[in-house]
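In the two complexes below, chain A is the common chain; its partner is chain B in one and chain C in the other.
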Partner chain A sequence: MIKQRWETRPLEIWDRAKELRAKWQKSIDNRQHLLAQGNTVESDWSPGFEKYLKIVEDNPVGAFMASKSHSFARRARLASEVRGWGRELCGYVNNCWGAQFLGRDMDGGPFPYRDMCVPFPDVCDQHLKRGQQCMDLSPIPRWGGDMPIYPGERDPKRDEEMIEHRVYCNLKIIADIERIFGIEFDDERFVENIKLREKLSAYGLRISQLMTQVPTPLSAKDLYSFYTLGDLTKLNPEEINDFWKSFVDEVQWRADNRIAAVGGERYRYMEAHPPAWYYLKYYRYLESYGAVCIGSQYSHIMSGTLEVKEDGSLAHRDVTPPADKPIRTREDAVRQWITEARGNRFKDDEYCRKWAITDFARGFKADGAIMALWRCGVGCTLTRKEQALRLSEMGLRVLHCEGSQPGDRTDMDEHGFLDRIDAWMESQGLEKLDDR
Partner chain B sequence: MNKLQDILEHRHEYARDWKKRTGGRILGFYDVYFPEEVAYAAGVLPVRILAKHSEDFLTDRLMYGNCYCTRDMLNQFARGDYDYADGIVSVESCQWHYNAFDTTLIEKPELWSHYVFTPDYTDARTSKNVMRSELDLFRRKLGEWTGKEPGDEDLDRAIDVYNRNRQLLRRLYELRKFDGTPISGSEAMDTVLACQVMDKAEANELLEELLEETESRPPREDCVRLMLIGSETYDAALERIVESLGANVVIDDLDNGTGYIMRDVTPQRDRLMAIGMRYLLKPHSALKDNVWRRRPQRIWEFIEDWQADGVIIAKQIYCHPHGSDMYMVWNLLRERNVAFHTFERDTTLPYEETALGIEALINIIKPGMTRLRGQEV
Partner chain C sequence: MYTAGIDIGLENIKIVILKDASVAASLTAPSGGKERGKRAEALYDEALLRAGVSRNGIHRTLATGAGKFDADFADGNIVEEIADAAAARYFLKDASAAVDIGADQTRVVSIGADGAVTETVRNQKCMAGLGLALEYMAERLDFSIEEISLIPPERAEGVTVNDGCPVFAELDALELLNIGVPRDAVAGAVTRMTVVRLNSVLRDKDFPDRNRTVLTGGVAKNRAVTDALKALSGIDFVIPESPEYGTALGAALKAAD
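Up next is the complex of A and B:
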């Protein structure tokens, strides 16, 4: 068998992505803005304060620390643990807030203390408490919010009060920030961002659709370099729009010309939730078997909620369209943005749309799955065993790996993981391409 | 052992017997944020699903990283311990609880089920509207299930029974405020837990008897008074270890303790709003105490009012809300020079290991205690 089945080449847009990421990091390091701890995905109003405020989650900060400096991440987690935080809590949280207690960042610079805490509602219990350490450290202004959920079919009647609740909470936060910090909210910018979100979701969907092709023009490892841009790492909307447009163009070109992410692609596997950020090497290792990761519901989050339609195509889940009326007030804009009570992708896919994981496997033509079991992350591990059983039932070979959490290297047996990968691949009749 | 303790120990037999006696339906619930009053008003008996460890061949296949309690809850359903439950209900609260609920329905799809969204952000102007709307839906669903939608009179009756229960349990807690408390921590915890698994009207009668009897008991020998903080508990095993070391748990900040008995439903014309407000304003769990921090003040008030000499923080391993709250709790206790001991609980409580840490705490406290002067240290 030939090792190289498809033509491959590096992405040209890679340098632009690095520049954007560096720009985001610099804006935090230089304290050009007020800093808020909160959920960036649930704070789509924040570009309205673009000139003054930046929302920074403890992720990707925590994941970045785990990936770049194991020793600093360990020191940070220890600083957090000795102050009472559980040792079995999310590594992102303990890395980021441990650094807060150390008073410095990974590069030795001062820690970017938060000026306020905007809601980080309950994607998982750990998310809900994610703002707690900076709130408990100093009496910064803080707000709350909810991500309602209920199992079963969506019920528009039931959603009404939940939507009102979400609208109220967001309007209150904007008004309070203006009042407390004396900064002006740019409503037009906010409306532009709502429109940008729709575009980004369409770009994301196109990328996801192209990745269903064999060979995939992009692997999950590639995707991880881009998927947070405009979302977790919010930047100037025009710049982000240009970037994603170019990105889609390049991936489309690669797909049209059968340029593969992995030249030896012959086996496609999927994942669930974040990978071990400190040990992404396993992706390369699997490539030596001709195995390519086509991502997970988590890594394709930029596409919104996906499902396989009756004709077999991958598309967005049908959602309630925003009311077709002009945006005249800030409230109109918030209502344009919040059209559903139960919009959270993670919770919906895990509790309410249990078939979403098998849809994903079918849509991306997955042959197998690596389902990481992160014992220190509620949201990172909840329902994972059930999902693995569903995938097994549809014929996918599932490999589990265990560890503390994607941002905590403590309990990950890296060599053991590679051994299990060997056994998993060989049990499916695959040998390393190099060995042939 | 008082009668309520006996019912707690034989809670499944009690529930089966209740069903036989009344012909009513039984609804298992996972979390103390479940508005029991609404179910009770519909003639349904809400029974708290309490973890109890037993041989487990199932949960590892379906769960990973869960606290032992939720594993045991699933396991008990699989074993048939809750074969008398006609349905289960969950609320927005601890996600492990939700997972146990969700996974149990995979194993037992025949169970009737419902989910009540109780806002995690309880303080917004709109939180109460969401809560009310959820209670209204729950009332309607119960009506469809039982054939009788509870009306205002039914709700009034349920509110009265539940308020009475909380008042009686608070009276029991009041008895623990002073030296020579006539009731031990384990007996008090057993009693509160028993009330969560039985008909409250019957529990109230037994509580009246117990209070009368307890109030006439001679005072217990004075000893080190401890407070218990942490994850929910499902038995009084820890309190018993404390007592075996010559100390007593006199107050707690536990969801299933003070979190269950504090704050009544304040009656108002809109009964559902009244019930909803009770659950939005009750002493919050670590999970829902996430914006306006009320736990520190509450914990301090408990320490002062119940004259606790020290604190045990027992966190269930993998209990994320409590793991995230300990920084605040430790800060509070250190600022106020309160001795404390923190440990992680797991499936069972090994006596020697658990006792060793608590004994060390007691030995730190005792030498400085003037009211115990003369006693052997």
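Up next is the complex of A and C:
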């Protein structure tokens, strides 16, 4: 038996989350809309087209394949690779678009071909290439908005210009879609959705704040199961808002009553970037040592919960970005959602990458860190070793592990990883709780 | 009191039997792949015989190494880094770092004043199997392990192989042979590659103390590698007489705790 230090219990909201996920899958399968290969950041306008258009991220599709059918995912990736798409491209993408090349989905049905694509506009990794596969196969419109990056000192004036450029890109995408497909954008619905989105940000912030508590009421593994609902997997905004409100209420209750995510919590570790999505069992394995993952800059910043303060530190926002200007028009709404010049990707900014991680470690009371060295793409390893040195100087023990892209387990030495975890834990004097 | 340490590595099994912290017997043999559990047990019995002690006479036996979970007959197992640290302190009382270079893995262990492990580094994939690569190259170049161990990097005379990955290095070495480069020059280039890769692991986190670092593992028997590594890193390694037994010895020492 694992030694229990804190009371723990499963989240009650799990079943509701599963229902939402199933509903999202059905919405793609039913195919009553135009389908767009989209992305989280640059498609928040999609509710304005909700009568006609369904945004489908390749991340959840590819992840679903990787988790449900390894053999199908392998066939799909091979189909992608023989067309020249390397393994440096995200495994989710190669799973998803490999299935497109095969012409069928995991369940044997026809692949739901897309009508347009709006890839993630990130200059620093492989995201921008994502839309190319589906565009090349069956020429469809593709929009790649810009994500301006400036690696120098922060300059508010420059940031303002960068925001304006992103606003322009998004307005143009909306106008182009209206023109090319002859469909009408519902500005009122879009404005409503952006207002709702502000509420979601506040929920995300609260949950992130609660995860700094010892014991944490929610682990990173739990968080990863929920945070795509409403973000990567876009559903009815009101329904999502209602779900997140219930979720926050439950996590708050757990925090107030010291209900731990991991009953044996005695060691808190952080990560730097996405985990090995196809091998999340390592979270459970670490729990046997009483170690709980409290997330990463990736998981917490994805929902915009952290910001660089005036004194240069990285910390939770005091409040979510206030709607300090009235949101009446399409342009107001776009400007409201694009609050960061560098988007929510500023975690990758060379300016703050080396030091922000130490602030994160302090804020979340981390004892150690797993710094994955993923091959290219999401989790680009740039400065990862330097970050590890900064954390070591703080007294955190850092474990490095290597592997391939999300959704592609071919390059992951699973046994070797567990062996490294044993060495990491035991050399810090921690034994498995059930061995004691 | 007798204790035993068994290091089941990718290539070889090493066993050390200690009697009151002195080596009573040590033995090594190829690991035998998937049969390594049985091989280890047979070797264990042979080592006991040499030490003149029965299984019942052993206070505790600890297994370590990549195959440690296959040693069902052991009383338990410990992670390699803890064994490395214990062995380093055995060879050098105030050792502050242990470096072990094996057939597959390279580890760097920082040791605190109290002997506890304070930091560990394991090699990344780009240098996995470094010891094996050296062995394969010796065979391919028609040298014995002992012969290639005496060929320093200087013999390469400007010839180089890829120093980012042992697999690429082997491919480069074959190409050099195909175009007629003398085999001792190729061997020198392979030694240089090995040293460059090792030096990068030493510099990963805590750089080991220049005078208080113990070097163990099978590759530590390669004189050309260790001399070149000392020169490149500036570390004056303490290398025990039989470095391949280092981790097994550490396990045997921890078995007495």
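Following the convention adopted for this analysis, the second predicted complex is superposed on the first by the 381 of 436 C-alpha atoms of A that agree within 3 Å, B and C clash if a C-alpha of one lies under 4 Å from a C-alpha of the other, contacts with A are read in each partner's own complex, and residues count from 1 in each chain.
To be clear about the criterion, a contact is a pair of C-beta atoms (placed from the backbone, for glycine too) under 8 Å apart; a residue touches a chain by one contact, two chains touch by 3 or more.
Bear in mind the structure is a predicted one, so any value in this text is a computation, not a measurement.
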item	value
Touch count on chain A, higher of chain B and chain C	B
Partner chain in contact with A:R397 - chain B first, chain C second, else both or neither	second
First (chain B), second (chain C), both or neither touched by A:E239	neither
Which superposed partner A:K385 touches (first chain B, second chain C, both, neither)	both
Partner chain(s) touched by A:L373 [first = chain B, second = chain C, both, neither]	both
Partner chain(s) touched by A:D332 [first = chain B, second = chain C, both, neither]	neither
First (chain B), second (chain C), both or neither touched by A:S427	second
First (chain B), second (chain C), both or neither touched by A:E192	neither
Partner chain(s) touched by A:H165 [first = chain B, second = chain C, both, neither]	first
Chain B and chain C contact sites that coincide on chain A, given as residue numbers	373, 385, 389
Touching residues on chain A, where the partner in the complex is chain C	373, 385, 388-389, 392, 397-398, 400, 402, 413, 419-420, 422-424, 426-429
Touching residues on chain B, where the partner in the complex is chain A	60-65, 92, 94-96, 98-99, 102-103, 106, 113, 115, 117, 119-121, 123-127, 129-130, 132-134, 137, 286-287, 290-291, 293, 315, 317-331, 342
Chain A to chain B touching residues, read off their complex	80, 83-86, 88-90, 93, 119, 121-122, 124-126, 128-129, 131-133, 135-136, 142-146, 148-152, 158, 160-162, 164-165, 168-169, 172, 351, 373-379, 381-386, 389
Touch list for chain C against partner chain A, complex	66, 78-82, 109, 116-117, 119-120, 122, 124-125, 204-206
